[in-house]
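Next come the structures, one after another.
Next come two complexes built around subunit A: one with subunit B, the other with subunit C.
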Partner chain A sequence: MDLKEKLISSFWAFENHLDEDSYLHSIRTNAIKNFQEQGFPSKKEESWKYTSLNSLLKNDFSVFPKQENAIEYNDVKKYFIHDIDSYKIVFIDGKYSSHLSQTTHDGMDICLMSSALSKPKYRILIENYFNKIAKQESLTSLNTAFSSEGAYIHIPKNKMVAKPIQIIHFSTGNESAIMLQPRNLIVVDENSHVQIIERHQSLNDNPVLTNSVSELFINKRAIVDYYKIQNDNQNASLIDNTYIKQKQESICSVHTFSFGGKLTRNNLNFSQQGERINSTLKGITIIGDKQHVDHNTLVHHMEPNCESHQDYKGVFGENSTGVFNGKIIVDKIAQKTNAFQSNKNILVSDKATINTKPQLEIFADDVKCSHGCTIGQLDESAMFYLRSRGIPQKEAKALLMYAFSNNVLNSVKIPEIKQRITKIIANKLGVNIGFDL
Partner chain B sequence: MSKYTEDDLREELKTKEYEYGFYTDIESDTFPIGLNEDIVRAISLKKEEPQWMTDWRIESFRAWEKMVEPDWANVKYVKPDFQAISYYSAPNKKPKYNSLDEVDPELLATFAKLGISLDEQKKLSGVAMDVVVDSVSVATTFKKTLAEKGIIFCSISEAIKEHPELVKKYIGTVVPQKDNFYAALNSAVFSDGSFCYVPKGVKCPMELSTYFRINQAGTGQFERTLVIADKGSYVSYLEGCTAPSRDENQLHAAVVELIALDDAEIKYSTVQNWYPGNSEGKGGVYNFVTKRGLCEKNAKISWTQVETGSAVTWKYPSCVLKGDNSVGEFYSIAVTNNHQQADTGTKMVHLGKNTRSTIISKGISAGKSQNSYRGLVQVHARAKNARNFSQCDSLLMGNDCGAHTFPYIEAKNKTARIEHEATTSKIGEDQIFYCNQRGIDTEKAIALIVNGFSKEVLNKLPMEFAVEAQKLLEISLEGSVG
Partner chain C sequence: MLKINNLHASVEDKSILKGINLEINPGEVHAIMGPNGSGKSTLASVIAGKEDYEVTKGTILFEGEDIEELAAEDRAHKGIFLSFQYPVEIPGVSVTNFIKTAINESRKAKGLEDMPAKDMLKLIREKAELLEMDRKFLSRSLNEGFSGGEKKRNEIFQMAMLEPKLAILDETDSGLDIDALRIVANGVNKLKSKDNAVLVITHYQRLLDYIVPDFVHVLHNGKIVKSGTKELAHELEAKGYDWIKEEVNA
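Then we have the complex of A and B:
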């Protein structure tokens, strides 16, 4: 039985067991039908042209973990941004771990999707927001069908959330192979401000496939900073689908740091539904070995006077493959749009591949849209300069690569994250230097 | 004096009818409509082709039958009914002429209207003309001069008869019969086209030129062009098209193959002005063309195109940079107006070491048109030190048109250096203000800006052609190009 059939048959078992009311039931059933029709995406589809899931799907993933697993905080402390106070929503093998988490209902809701889906007091919000902007595309539908757990965050009007929120998914590897489908819903009301850090981490070498869907609703003048740290081990794969809807004058930035994992696919979708919106999409990708990272971004400008800014940097070593597929759509009505997209890559190995496809679709005339992409090497004269000052080759190379990706880090607003990422980069490049020279 | 604004220009663009729309009635020898193996055989027979060519056509036809019309391009149109097209049409009076006096006067008048009178061309520009009217060459000039140098420049049907070894060796090597739907169709039914062979070390002393013209209602034009530049040679080839006003959609599916052997250089320039349809988007030519060049060691192929016509354009002149140190260039201006749709661009496939490519694409969209750039830059693992620079700029005039960019960049070698940039803008009010301030009226200012926008590409056209290109830009963007 292949994975698709397995998923579909376990869906029905799961759905009967849940016995939910008809509202969610019909969403889930439609979603599984959708998935059944479309199946897993293949390379024949334009947006999956450079990324194949075939080898991944051969694993016999278990869909539901059989037992509750517990882990000690000290064992996993390093995966948290632990030097700052924060709210934490932690999942172990897809199940909520209350002793690692720190949630709140005090003036805002930072809690669980499972309780939001089942408790009547969240009913209106769920009906207003759940599955409203997620696309009807196959993997997202699959997630919708299985959506039961994840983070639920609702920040009401005029609220400045003092601490960042960390959402961490651990997989223990107690199962030989596991598929996780977390579902997050984040609603930020007018004038509020929140910072979110998301991470997926497996604790041993058993294969993990995470098919995550997050929906973010950012209302008027709200500010959201979202950081995705992807530094999982070599057998973990992640398909991240993030859908963001922004209302007027809101500001949202998403930073994606991809260093680990076997296959990482980031589907990041922005829909600007209001005037004077600002969206920022930035990413650093540094990978080697047989890793594959695919950034698929879409920014849809639907109203006038908005801005979007994309900046993705990539360094590809050994047998790695990097894909960037960025699309900007500017509707006819969206005059005075200012959209910028940049994708710069360095290939450090002869066996590495980079495929990039930046696209513009523009229907309005009074706009400033540009994109640029480059593929190149480190500057030899810069290298010479550093070496002539006594810096060894490896360190000099690392310094230059750090400098190359530095402007992405510049816009990170939490200094601890910046430090953490800097450390990861140093690790990844095999040097022991701090870059804050 | 009332002020001339961008709106006026748009208005003019909307109402501007196709100037070269006329129809000359030359008695034609036309096949019944429809396509089957018999028709393919009949075309081959009609052209007195050898058996191998007939077989080649049949093979292509059988492949074509199994293929599906592609629909990935960013264009919308009513798919042509391939069984409603007549696949062969030749002007009736077939004998070759020794002088212009013998040419059908009606035909000469046609050329006069186009402003390309043969004798004027002969005397003034030194351009040898292989005039194609509805698929068959009726006049070839300067053949003698070329013959002295050993250059073969003739129609492809003549080449099949007289130089079968060359045609057999090279045809289908760059664009295989089964390459794509339209290439297969063309391989099966191509009626005529040009053939050019420049021998080793010869620099072709003049620009070679062909004017294509669709001239018979309901006749699809399937041109086949094969240009071979032998080692160390140089040739510059010009192609230009104008077509008469027609209500019915006409299909144009040409194949152009360029082969540049070691150290050779081919410069291929196109001015394309097929009938774009009237201001409601009715009628107009479908232009589905496969153009590709192959570069051996140190060779260079340069494509320059000015696209102003056609209702639907689907065209990607490409370079396969097979030899080390070879160079590919692509310079393009695509102007779309009214309901025109263009999906055009290039492919640069870097296979050899130290290969270089440059892509400059300028898109101007006005009216309700859609203009897309679609390009591929591919650096294979063996292609050390490959270098590419791409620039795609779009200029939007009016709020009903669209500009799209779909670049594909694939690099498999760490020494590759690839740069791509694209911008989309409109004519800035500040730019016009700047000109106005210096006493340049708005009309002239727009002209200056559009001209400046396309200058990089216009400069690449050969002298003889630049004039024509300017003329065609004028028709599409009347009142703006001074």
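Then we have the complex of A and C:
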């Protein structure tokens, strides 16, 4: 039985155990039918041309982990941004860990998807927001069919959330191979401000495939800063599907830092449904070995006077491959749009590959749109300059790679995240230098 | 300190240095002059260890050790410093971070701990003052958007921080106005001691009014064709290089 069949038959077993009303039941059954019809994406599809899931899907993934696993905080502390005070929503093998989490219902809800889906008091929000902007494509549908757990965050209006929220998914490797389907719903009401950090971390070498879906609704004048730290181990793969709907004058930034993992695909979708919206999409990718990172972005400008800024930097070593596919759609009504996109890459090995493709579909006539992509190599004269000052080759390379990408960190608002990212980069490049900005 | 013997070097099979002999002792200032294309900058790069150049014959001894096989960073650790004619712009690396990394990597190579942050800061301030550099300058990206004078001052600032045994100044005077020239030369002179040496590479005599050489060598077509004292530099300034070429060809 291949993975697709296994998932479909597991779904019916799972769904029959749920004591749920027809509303969610019909969403889930429609979703599994969608997945059944479409199947896993293949390279024949334009947006999957450079990313193949084939070898990954040969693993015999468990869909429902059998036992719950405890983890001690001290063993996993390093995966948290632990030097700041924060809310924490933590999952182990897809199950909520109250032990590692710090949630709240005090004037806002920073808690669990499972409660939100089952408790009547959340019903209106679920009916208004759950599965409303997630695309009906196959992987998102698969997640919807199995969605039972993840982070549920609702910030009511006029609320400045003082502490960032960390969402962390651990997998323990108790199963020989595991597939996880985390589902996050984040609703931020008018004038509120929240910062979120998301991470997926496998704690041993067994294969993990995470198919994550997050829906973010950002209402008028709200501000959301979202940080994705992707530094998982070499047998963990991640398909991240993030759907963001912004209302007028809201500001949202998503920073994606990709250093680890075997295969990472980031589907990041912005839909601007109001005037004077600002969306920022930034990323640093530094990979080597046989790693693969694919950034697939979509910014849909649907109203006038909005902005979007995209800046993705990539450094590819050894046999790694990168993909950047950035699409900007400007509707006819969306006059005075400012849309910028930049994707710059360095190949540090002859065997590394990057495929970069900007796609602009502009139907309005009074807009400013620009895009640029470059692929280059480390500057040899800069290397000699650094080495002639006594900085050894490896350190000089690392310094140049860091220098190439560090402008992306300028817009990170939490200093501890900047420090963590620079540390991860130094580790990744095998050097022990400060990298101070 | 530096002993170059019958040095031949080429780049992409093009022979540029064709038998250089040069000996520099501690406490000495040497100047190498010569027309464009004579091989001056190549000589500087070969001593500093630029990999584009291939040494085809001869030896370079530094403190008695053949350094031909050593990487640029290892030569730097031994005390060789090259002030670049065209310092490279590196956006994203601040002057301070760059020099900190350079100092600590050199210390690491010598088995020393990183310099304590406080001492580093003090040293940076002291040396920046010597070169009359603005504090703001230190947090800017390395050479990015620097004027010609700022770039050269930054080179000598790095030299002051690294305290090399042998400093090679490659066309340090080019692009400098008279004030910047004075500051840079003054910096070099203050760093001079009986234990270190300076090799000044220049097209014009101007810099040598400020950094006075003990010996002047004329490089022509990949060879040192004439050596003398500082008076030779004046003669070149007055008469140009043609008479040297004629003398060689005669």
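To be clear about the criterion, the second predicted complex is superposed on the first by the 436 of 437 C-alpha atoms of A that agree within 3 Å, B and C clash if a C-alpha of one lies under 4 Å from a C-alpha of the other, contacts with A are read in each partner's own complex, and residues count from 1 in each chain.
Note that in this section a contact is a pair of C-beta atoms (placed from the backbone, for glycine too) under 8 Å apart; a residue touches a chain by one contact, two chains touch by 3 or more.
No experiment lies behind these values; they were computed from the predicted model shown.
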item: Partners on subunit A (subunit B, subunit C) - clash or fit; value: fit
item: First (subunit B), second (subunit C), both or neither touched by A:T356; value: first
item: Which superposed partner A:K332 touches (first subunit B, second subunit C, both, neither); value: first
item: Touched partner set for A:L347, first subunit B, second subunit C, both or neither; value: first
item: Partner chain(s) touched by A:G376 [first = subunit B, second = subunit C, both, neither]; value: first
item: Touching partner for A:Q393 - first (subunit B), second (subunit C), both, neither; value: second
item: First, second, both or neither for A:K163, with subunit B first and subunit C second; value: neither
item: Touched partner set for A:A364, first subunit B, second subunit C, both or neither; value: first
item: Minimal inter-chain CA distance - subunit C and subunit B, angstrom; value: 16
item: Partner subunit C, residues of subunit A touching it in the complex; value: 379-382, 384-393, 395-396, 399-400, 402-407, 433-437
item: List of subunit B residues in touch with subunit A within their complex; value: 72, 379, 381, 394, 396-426
item: Contact footprint of subunit A on subunit C as seen in their complex; value: 48-52, 71-73, 75-77, 81-82, 84, 87-88, 90-94, 96-106, 109, 158, 162
item: Residue numbers on subunit A that touch subunit B, as the complex places them; value: 46, 50, 332, 335, 345, 347-377
